[in-house]
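Each structure below is given as structure tokens.
Heads up, the next two complexes both have chain A, just with different partners, chain B and then chain C.
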Partner chain A sequence: MTKLLEAPTTNRQPRQRRGTGAGGAAPSGTGRRSPLAAALGLLTSPKYGPVTVTGLLFVAIFVIGGFRYRGFFSGQVFLNLFVDNAYLIVLAVGMTFVILTGGIDLSVGAVVALSGMIAASLLQTGWSPGVVIPLILVLTSILGLLVGLMIHVFKVQPFIATLAAMFLARGLCYVISQSSISITDPTFIQLAVSRIPLGAGLSITPSVIIALVVVGIAVWVLHGTRFGRTVYAIGGGEQSGTLMGLPVARTKVLVYVISGFCSGLAGVLFTFYTLSGYPLTAIGTELDAIAAVVIGGTLLTGGYGFVLGSVLGVLVLGVIQTIITFEGTLSSWWTKIFIGALLLVFIILQKVLTARRR
Partner chain B sequence: MTQQTEPAAPAQAAPPATATAPAPVVEMRGISIGFPGVKALDGVDFRMFPGEVHSLMGENGAGKSTLIKALTGVYGIDAGTITLAGEQVSFSGPAQAQAAGISTVYQEVNLLPNLSVAENIMLGREPHRFGGIDWRAMRRRSAELLAGLGLDVDPGSLLGDHSLAVQQLIAIARAIDVNAKVLILDEPTSSLDADEVAELFRVIRSLKGQGVAILFVSHFLDQVYEICDRLTVLRNGQLVGEYLVDELLRIDLVQKMIGKELTALDDLEHRAHAAVVDETDAATFVTATKLGRRGAINPADLPIAVGEVVGLAGLLGSGRTEFARLLGGIDRADTGELTIQGENVKLRTPRQAISKRIAFSSENRRDEGIVGELTVRDNIVLALQADRGWARPIPKKKQDELAQSYIQALNIRPGNPDALVRNLSGGNQQKVLLARWLAIAPRLLILDEPTRGIDIGAKAEIQKLVFNLAENGMSVLFISAELEEVLRLSHRVVVLRDRNVVADLENDGLTVDSLLALIADGRVASDDEALDERAPAVAVAAVGSGAGPEASAPTTPTTSTTEGDHS
Partner chain C sequence: MSALAKMASSRLFWPVVMLLVLFAINLVAFPGFFEITVRDGQLFGSLIDILRNGAPTLIIAVGMTLVIATRGIDLSVGAVAAISGAVACSIILGSPDPGSLATVAVAVTVALLISLVLGVWNGFLVAVLGIQPIIATLILMTAGRGVAMLITEGQILTVNSPPFKFLGSGFWLGVPIAVIIAAVVFGLAALLTRRTALGMFIESVGINPEASRQAGVRARGLLFAVYTFCALCAAIAGLILTANTAAADANNTGLFIELDAILAVVIGGTSLAGGRYSLVGTLVGALVIQTLVTTVYTVGIPPIATMVFKAAVVTIVCLLQSPTTAEALSGFRRRLAVRSGKGVAAS
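Showing the complex of A and B:
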């Protein structure tokens, strides 16, 4: 006995005509799309969506600030975002590598403090900056290597391994000194106070140049080398990456070395900024770096994201801080509240955007 | 045991057939591999010849996957030797095997959804220029490869944006590019439609012509007989024998694979049709009325009687899984009503469904089914424990009893309740899942593709089980891509197409062809026949089969023809 339902028959005509339109093209043959559809596709793409939103957000905040406050809409205010956050940009670059593989590095704030302490104490005893800075970079890279090996060889969760490294680095700060050590080395002072003029009354610091060079190298490594693509591959599917014959194990360790190196470098840039070493500096900075990376559109589960997005994330954090400074009446802790709210919105946004596509 | 005596004879019978063949490109001798609690391979010999398509046949758990992974260096071997092109080799990983000319396309697409198509094809051996990846050359090379496969795919697009079938062909494009001596295709056709399979076979034949040795593993006997020259049969981790495809009858092959006469299936068929279900509404267990969810399944009705097996037929993406997920409380319905034994309920979570004694077994065995790191026992008691609540743990003794009884009842192998589920074969994992749901004594059991990717023996056992459960008053919603299976088991068949229920038919004289016609066209061929309810569904097939949606247009009223002229 055969009973047929009515509903589908009515639906059938338009469906069928659409079918002939597509003409049996391959499933992927999307062809040309209207600008609106293209924009929607961009926004819902797990790859480009979040970073596009961040870019729009930055422009919006900057424009709003420009209308609200006198003197906000200037080139120097924009450049100061880089000047004040050069070390954070470097940290966020290292963090991007780690998060792209699906990991996390909680040790970076403590390592920033540790490299500041090493620099200040060694310079105090008369070491040359030309030796101290490379030494710091090597030491922090080795710390990163140890963390990476711990994660890879003993299959320790990145969260735990880097938490251990965080306590270790913070503890070592106090071993070096319990109080602040000021830096009087002429080279460091020179680097701290010198400005590089860009004309029209604009200027940046050497730290900005260093940070931008790091960003440039990171972009090239991530997009132009097999190592970089393997970083993405691990985030997309570690096992698939292994089966495709990619150097997964080596890469997984190396991202923590890179993060360690970047933390060391960020520590050095931070001492240019503060001209002292203090065991309690940069507490919670690792969370700022993670926030910048996430706001910059990198998925915490790995696989999707860009270094330039993370830079944009740092700029968004910076511009919020600047607005609060311009507002004058608000406590600087409001920055944290805004960042928290923003993070929440972004995580939800990522979920919504990527879920709609499926 | 009879098992021991049988393997020896055919193994010796094989050599004469190879007398004229060239030297084998791959020769594996006496391969043994063991996992905790499981002896996966026991002294297996295996060889492949250049320019031949070879098939590895066997039930799930026979050791096919393990043998492939031994060859590709994923698993280390405990004993035996592997020779590639005359040289003894020992690979420590797939990268080495790949470099030596052995590439593999695995059953589950092992590519990276977050990277571009070009990268998925080329990564690992990407062209370099000025110390970095040469993206242009990479795109160009992958575009050539895709064109060679007749695929119209933008190499720059994200892999994750493509359908599973396209991803599978991209995986093959990747494997072809390695200039492989040996190409291993592990269940490559399980997610492809007929046209795509034909396309794949065209590619396989051309590679064969170039002297590549191809290992084609598939559960589809038709495909094996169409494309393969030679096959090796494994059973329970041991070699049964190597045969030329032309010289082995299908029925003999099936017998060698399962090692017993397969009469259970035929028997089942007769009984299923003989069983008469009480059709009165009083016996209805669950009724869905205009139940739907936006973007998943359009509002549809579905009554399921007590002790009735309802089959859902339709293509992947037709809404068959989506509909079942609504009934199982996995996804929330946004329209319509669900009535369970006359009581109106809203299922928001699987837990609520379980408390109403509705069990849903997902098609995604690996991600939504088994917990691989737990033992067989833990997996079996999981749902029951969750239903009791964690405050009332099931006593250890009761757990052991439960596990032991289900292992025996469902013939789970190995019969060790402490074995980790991830070490079991697909068919046995499926049985563990079934045991888990049976343990909560469901009134409605929803089985989404319970027999996919498992061998004919386990399939028969699961089918028999479904049948017995229904006889004892359990309602079953059965989803399968294999229409024969749906027809064999179901009292009623509901056909879905493009997220709509297009037909709800008593399984009385239905044939695969008539179902195919419904799935392809969404309706029985002409309106007259729909009116005449007694018209046998078989008649439909003649008109509908082979005709795509476009071809059926002339049978629709004249209005559609004028519309056609317009455009």
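Showing the complex of A and C:
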């Protein structure tokens, strides 16, 4: 686990120097900079500032929680952040791709519910999980493709196109069933209850592994492929991207396919967690995913951001929820207020950081 | 140009056609659809039901139209509706005399005043801090439900107050109160923005805030005004919804109503890119949505499938309004014209 947290910092150092040097932001660009100036540069850059703040925030909350509550400062509490939020991590990864291009996907929560409903109803009629899961992933990817085509070919705003997809998915949930369907398939139950021991009494679930694999692939795609570079280019300026001869059309449609695929996968992971399909689940999850991405330092106008930042954003949301659980007297709706407040702080931070650069 | 072609080129053409088609479907499925009867001095009938149930959506959609005209959007209206309902109910419950008119008047006034504060907050985020409207109002949408839960302490507050109930299900001169309130809100908005220069200023802010500011329009003040007005509309709708069931449910009051309102505005032909708006279009849009819901009931489709139909309607409307479709259609028309021109020349 520590490996995952270290990964962004080790990646960050060499690139950061290059980034600010090219931007000409540092007053003494030629000489070697003091660590203080480097730290300041890190905090005030629109690219790394928010994600650094998020990292510090996460550590701070975790340490405060550790001092306040008995038993908070344990490895399992930390691992449970991943166990409880595996599906949200996958959602946030898909959402990161979309927001990096400057779009938004409001349909993810409804698609999570829909894939849960499809899984539950098909498994009930005796389909094998080996068929059901791929089928769900294909169907949600197709939904993403349709949304992407609507946005690109018909120039419908992402907000409205994904809103239509959200209505469609939520409506289809109700058409499948109005009540909760429980899952009794042995494979699903096996995946839901099994724990992978990590030694020292710590354990994670298979969902966590899947989520981390998705994160790994997403990092590679965004930073190691031409497709990833085009995603950033579209967020930076769609017209410039087109003029540079980048495949803007294909990429713009593909990010929604990725988001659809991730929503489908998140839905499957969510059913591992709940072992049922219910048409009203995951209402408002799209907001959690957007909040995680924004808190994780991805600029809403696109162009800046990291998948690992979004993972950090999910962890911050998770640790807030954990603290509220540990506090006991605070009611769960405080979570919503805290998330709203955090969202505000980070958006203002983004605003300040990007304004300084202009 | 013939009268028909002129009509077809109007922005209101497609929404009105859609409404008429829905009416026709209803008439086939249920021949008594247009009948309005008077019972105990109150009007009854399917059309009255559509008007009454569509009133909250219409009220919010009016506020939303003005916000969208400034190239904005307000996602927080559902949460604001929930907060206003929660505030009103908790005040009525906390008072010694829940049935008195004075208590209800105080409750309604306080709820509306709080909504004004929420609207100013949204306006501040958008106009002063310059945050994208979708995101700025997303904050209140997320946190607002939490605040509403805080006010109701996580419970559904049921009130027994005849004057409050009257707001939601009362009649005046045979017409449902909700419809009268919606008509007043609609009329006020139309008068204020279309009989003065205010509407034009709002549109100019939607086209280019900076240019309009340099031309002497107080863009910032206008943004504050439209977001505050939208929140006020949301609160009024929230009070009607809450009064209708005589219970404040922080989780479900006005759930998804922001989407219905935006949908009504979009169906009515107001562009999400801002710069021009049509309140009459919004009225037609809100009626289309409510009639669609009613149609689903009368035709005998399970009501739960309503959302699928809404999705279909959004998609169709968006595709019809899309520039790509318009281009394809005009290309098709040109080719037709060329062909008929040739035909004339040959004969």
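In this text, the second predicted complex is superposed on the first by the 325 of 358 C-alpha atoms of A that agree within 3 Å, B and C clash if a C-alpha of one lies under 4 Å from a C-alpha of the other, contacts with A are read in each partner's own complex, and residues count from 1 in each chain.
One rule holds in what follows: a contact is a pair of C-beta atoms (placed from the backbone, for glycine too) under 8 Å apart; a residue touches a chain by one contact, two chains touch by 3 or more.
The structure presented is a predicted model; accordingly, all values stated were derived computationally and were not measured.
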item	value
Contacts of A:G235 with chain B and chain C, given as first, second, both or neither	first
Contacts of A:R226 with chain B and chain C, given as first, second, both or neither	first
Which superposed partner A:G171 touches (first chain B, second chain C, both, neither)	second
Touching partner for A:K155 - first (chain B), second (chain C), both, neither	second
Which of chain B and chain C A:S331 touches, first, second, both or neither	second
Partner chain(s) touched by A:Y304 [first = chain B, second = chain C, both, neither]	first
First (chain B), second (chain C), both or neither touched by A:L163	second
Of all residues in chain C, those that touch chain A in their complex	73, 125, 129-132, 134-136, 138-147, 149-150, 154, 250, 255, 259, 262, 266, 272, 302, 304-312, 314-315, 318-319, 322-325
List of chain B residues in touch with chain A within their complex	74, 93-95, 98-99, 104, 106, 110-115, 119-120, 123-126, 131-133, 151-154, 157-158, 160-163, 165-166, 174, 298, 301, 497-498, 500-506, 508, 522-524, 530, 533-535, 537, 549-550, 553, 556, 560, 563, 567
For the chain A and chain C complex, residues of the former touching the latter	104, 150, 153-157, 159-161, 163-168, 170-172, 174-175, 178, 283-284, 287, 290-291, 294, 300-301, 331, 333-337, 339-341, 343-344, 347-348, 351
Of all residues in chain A, those that touch chain B in their complex	1-5, 7-9, 11-13, 15-17, 19-20, 25-29, 45-47, 220, 223-226, 229-230, 232-233, 235-237, 239-247, 303-304
